[in-house]
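Look for subunit A in each of the two complexes below; its partner is subunit B in the first and subunit C in the second.
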Partner chain A sequence: MFLRNKIVSKLHNFMILPAFILFFIFFIYPLIKGIGLSLTDYDGMTKANFIGLKNFVDFFHDSRAKNDVINTVLFALGSAPLLNIFGFLYALLLDSKFKGKSIARTIIYLPAVVSPLIMGYIWYFILQPQRGFLFSTLARLGLDLTNFNWLGNRYMALWVIIVVNVWQFVGMTMVVYLAGLQSIPEEMHEAGKIDGATYWQRIRYIVLPMMIQPIKINVTTNIIGSLSVFEIIMALTDGGPGYSTESLSIYIMRMCYGSSTGYSTAVAIILFLIILLPVLISLKLMKSKEYDV
Partner chain B sequence: MKKIISILLVIMTISLFTGCSTKEKDEAVDKTTVEEKNSTEDTDEAKPAAKDEVVHIKLFTGKVETVDLMNEIIDEFNGLHPNIVVEQEFQKDASNVIKVKFASDDVPDITTVVTQEYIDQGKYIDLSNEKWWDRIQPAIKDMCTDVKSGKQYRVASNMTMAGLFYNKAIFDELGIDEARTWKDFEGDLAKIKESKADVVPLFMAGKDSWTLGHLIEFVAHGVIKQTYGVTESKKAFLANDDSKLQFGAEGGPMDSFASVILSGKDKKLFNDDFLTATYDNQVEMFANGEAAIISQGMWALSNIIEKNPDMAEKIGFMPYPAITDSTEPVILSAEDSAYAITAATKHQKEAKEFLDYLFESKNLKKYSESIKSPCAFKDVDADWGPIKEQVNNALSNGVNIGFTNECPSGFSGDDAGRMVQELYAGQYKATIDFAKAYKEVWDKAWNASN
Partner chain C sequence: MRKFLKIIAILLITLLALFPFYILSLLAFTPSSMNFAKELILLPKGYIENFGAAWEKAKMGRSILNSLIITLGAVTVIVSFASMAGYAIARVKNKVNRLIFYLMLGCMMIPGIINTVPLYTLMIKIGGINTHWAMILVCAANALPFSVFLYTGFIRGLPLNIEEAAIIDGCTKIGSFWRIVFPILKPVTSAIIIINGLNIWNNYAQAVFFLQKQSMRTIPLAISMFYQQYGAKWHLMAAAAMIGLAPAVVIFIIFQKYFIKGITAGSVKG
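And then the complex of A and B:
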């Protein structure tokens, strides 16, 4: 009887079981399997041979991989801060009272619900220099900019992708900030006003310190999302011209299909570490500034 | 309440596992039956299925142009063979998807995806002794022959050609003849540019890197293929014989190729959106008469005519002009729609039975006329297209070359096309830098797979 009561009283602990099983099947097992594969010369077909850390060493001598790391980091350095800055500014704007606020929120958020691949193709059809909607419309208005071949320029193409990415996902970042802003008690703002603080002083000394949690969520998710960018590049430039916009995720896919499964798995693990590092640093930095309401 | 919910959740979890294990058990029983069934079958030549057993054959293809027609042929075949059910699976990215299929043991019985790598790995059965070969053009049989083993692991139903499609009306109007050297060709392009402001002289679809990869394959590798012939050049590619390939050499195939591309760019003989235009744009521009010339294969013909039926009378077809002094114009004349039976199939007999049906004259005629491509079988007289005469002329005016199926597996046609994108985007200071970079990438991929 005592044992039965003890088991029943502990039964709720088993509620974690389904989540744990799913976590194991879809994360832990592939991770362990991936680490194993990364130490082999597996080509996806024939028997895998253990080659130790050769794939990881090869990565550091792979000029295309270096190029892709640079592209990926540049994309993240461009995307993540812009997403956060514009997301926060939009949230501030849409937290204020004005007519049509709901419509404005919907319009800004709407692109985020569409697949990045589809959004990439839409922007491709807009930005194509000769026959795209934007330039052909401008040409009809007498402004011929068809020589601005942004997507075909190896220096410009990455920045165009960053802008499209920010445009698409700024709504998602905004929603998180908006939720944070709306959780700040009105009394805090009132107190600030009574003390004579200006709008920007209230943002600086009241709002920002209380927004650490939403900032943490947005910074983390934007870093992860930007460093693992894939679909939007595939649709807009297919990684081109040449490899000038190819990200590490695309490289992993292409290596895997190019009969270098073991190597592509090693690169995937390196990408995992590349993502993990800034996430941990940013979380650590923000932890020291945490403030509870 | 909390306890009740906890108990329910645990019961659910346990029942989930029980369900899985039951299913596993069921599957295990099924698997055993299949394995037992297979173990009784001959491994080399599968025995016919039991009288009432229905055999399922999967045909895997990446040829979008033939999907509907094949479904029609398959339906007819299935109707005539109650014990065999052929199913077609189309994948746009078939050459990559099949790798996943091979890796996951989801191997189709028949496939149109055949590469040297898989032949070397024994993924297909030897079709050398099949009766079809007596009916097939000897040149096509040669192209279907594996250089390493001398055997045929695939059989092609058709031939395909690639070269330059041109607008005959524009050529006639400007008095332009088919050029034999690239220098003359540039002169013709310049003439079109001067006379027809709203027409692109040579329209390239650079966003789809495969179209640029084809340029390397036909124009640059064409120099090697015509210099050494089909078999010797195949051997040179397979052995990475630098004395013949000369990829990194000054004045070699890659250096000469880079020169003509950059020269065309400097003289603005291509479309301004060279790097962002797609294959669809290319077909559309040519069909609408807005592009005077495009580099494509016969596979584009049906799309062009579909977009503008009036174009059928205006399409000319010519070989690629020679890019070096010592060579001749080249035209791709290769096997197309090649079918192979996988070694993993348990239904070889039924798979061959389907190919027998597919290769019946009436089906091949239908096939050839549908994809507008000449039939590889000698006994089939198909009216396959409006440019039959032009193609015959091109074949007699240029050196016929085949596809380079002997590229290292880590360096695909797409990768080669990306290098052309880099060249056009100004990544290489000199044409020789492009040639050296090409050699470097080729060597790296070759070393990785040898």
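And then the complex of A and C:
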């Protein structure tokens, strides 16, 4: 205990300072100012006037904002479960020993290395009607769908974006699950086999209970990520047709450029609350061992 | 049979992941006059002039340099600041450290967009618009919470004995951190370099705001230019994208063997 006190000294208290100062100046200070701005009618140019909670009240009468909330939530409801299910299945598939294992893992992760903006552009090229790669190749093979416009259809476009998003980030989810799978000792599998458990029974009763931590990480990051979706939608549909794929972050960006700065920060705070709710619920549901700091 | 099906499935999902890269190379190595609706092209033509044209038109050399400076700078700041903070939080259990830790964790959920406008006015005040250093600090600040979280989780799992031994052998306290603890953190550090390096290399949302001058453009800004300003010049965009992707992919492949280890150590077991 004596030595412990000697190592952990006052000096070590200061080791947190550089990170905290940087974080304070470039994150917390603007955050506090942003909260202040949300209570004003600031338009980016003229002086900001305090208007209380008017921006927040306006939000509830803003039909475009409502539409965007629905889009954003639908996107997350589609993306987050699909990412987790496929990420988990991919991880199970790649957990076994086979030749080229690490090459396969690297390749599956590769799409996540590319910026969603650029991936969005490439998928736009593939999926665009008439001249796109997919439909023109299908047409050559005798299947003429050239007039079929997935991205231009207000009922389908959002689902196409969800699929592209899942396709791009499934590798990321997979890696976290793989890490979890590899921390399960081999003996547990052996014990299950000896007791005569089938493959799926072993997954259900041995693997899943030990995966709570990775599930927690993946579910939280996927919820946060999909509720603040931005670049991939910009690249694929730019929010259209109409506003049928516009997400809340795109709306915030547009309002912010379009001289409704105060209002846009208010909407951003609402987006934060929308993110906070499912994250807190999912953390509560998956509560396992407590962190002790 | 089961094994055979498994291999087929793995092969399929690998091909699926590679599909857009195939399309990208098809576009980049094909002259612009090619029309996919009129001609069936299934293999790249080996036409390389797009790369030169894209390089020149988007001033890719300059963009790569900008992206490199910002990414390397920010990653250096993140690794050194976050490892120290993670150490303090894991080893010194007092109220201040706990408060800072939870504050940072809470901020992981905040969409960056709330900050953008006030950050923009702050940047104008401190003269940070169109500068490398300000972009480095903004990117680093955004990445700190997750990095501190990973470091803290990992350091908690380390036994104190090694540091005790170092102190007995006459190492200074700060020395024991940089010379003894920091090298042990290599797996997490690699994971942090990959995750943040890629995010910053691909950063678009902040770059679009804070780097408006042509000469300050980063890779994603340069690539999106072919889409937005010149009206979907696919062949040039693809060539530029391939140039911009190359460094990220190479770095990822070099570090990827530490990647899973780092994720396991820092978060899953945490």
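By definition in this document, the second predicted complex is superposed on the first by the 279 of 293 C-alpha atoms of A that agree within 3 Å, B and C clash if a C-alpha of one lies under 4 Å from a C-alpha of the other, contacts with A are read in each partner's own complex, and residues count from 1 in each chain.
We adopt the following convention: a contact is a pair of C-beta atoms (placed from the backbone, for glycine too) under 8 Å apart; a residue touches a chain by one contact, two chains touch by 3 or more.
Being a predicted model, the structure only gives us computed values, none of them experimental.
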{"item": "First (subunit B), second (subunit C), both or neither touched by A:Q130", "value": "both"}
{"item": "Partner chain(s) touched by A:I203 [first = subunit B, second = subunit C, both, neither]", "value": "neither"}
{"item": "Partner chain(s) touched by A:L94 [first = subunit B, second = subunit C, both, neither]", "value": "second"}
{"item": "Subunit B versus subunit C as contact partner of A:I275, first or second or both or neither", "value": "second"}
{"item": "Touching partner for A:V163 - first (subunit B), second (subunit C), both, neither", "value": "neither"}
{"item": "Which superposed partner A:I212 touches (first subunit B, second subunit C, both, neither)", "value": "neither"}
{"item": "First (subunit B), second (subunit C), both or neither touched by A:L74", "value": "neither"}
{"item": "Contacts of A:G258 with subunit B and subunit C, given as first, second, both or neither", "value": "first"}
{"item": "Partner chain in contact with A:P18 - subunit B first, subunit C second, else both or neither", "value": "both"}
{"item": "Partner with the higher number of touched subunit A residues, subunit C or subunit B", "value": "C"}
{"item": "Contacts on subunit A seen with subunit B and repeated with subunit C across the two complexes", "value": "8, 11-12, 14-15, 18, 44, 130-131, 146, 261"}
{"item": "In the complex, subunit B residues that touch subunit A", "value": "2-3, 6-7, 9-10, 12-13, 16, 96, 99-100, 102-103, 117-118, 121, 206-209, 271-277, 281, 409-410, 412, 418-419, 421-422, 424-427, 448-449"}
{"item": "Contact footprint of subunit B on subunit A as seen in their complex", "value": "8, 11-12, 14-15, 17-18, 21, 44-46, 124, 128-131, 146-147, 149, 151-154, 237-244, 257-261"}
{"item": "Of all residues in subunit C, those that touch subunit A in their complex", "value": "6-7, 9-10, 13-14, 16-18, 20-21, 23-24, 26-27, 35-37, 40, 77, 80-82, 84-85, 87-89, 91-94, 96-98, 100-104, 107-119, 121-122, 137-138, 140-142, 144-145, 148, 160, 163-164, 167-168, 173-174, 176-177, 198, 201-202, 204-205, 220, 223-224, 227, 234, 237-238, 241, 244-245, 248-249, 252-253, 256-257, 259-260, 263-264, 267-270"}
{"item": "Sites on subunit A touched by subunit C in the complex", "value": "3-4, 6-9, 11-16, 18-20, 22-23, 25-31, 33-35, 37, 44, 90, 93-94, 96, 98, 102, 104-119, 121-123, 125-126, 130-133, 136-137, 139-140, 146, 167, 171, 175-176, 178-180, 182-183, 213-214, 217, 224, 228, 230-231, 235, 249, 252-253, 256, 261, 264-265, 268-269, 271-272, 275-276, 279, 291, 293"}
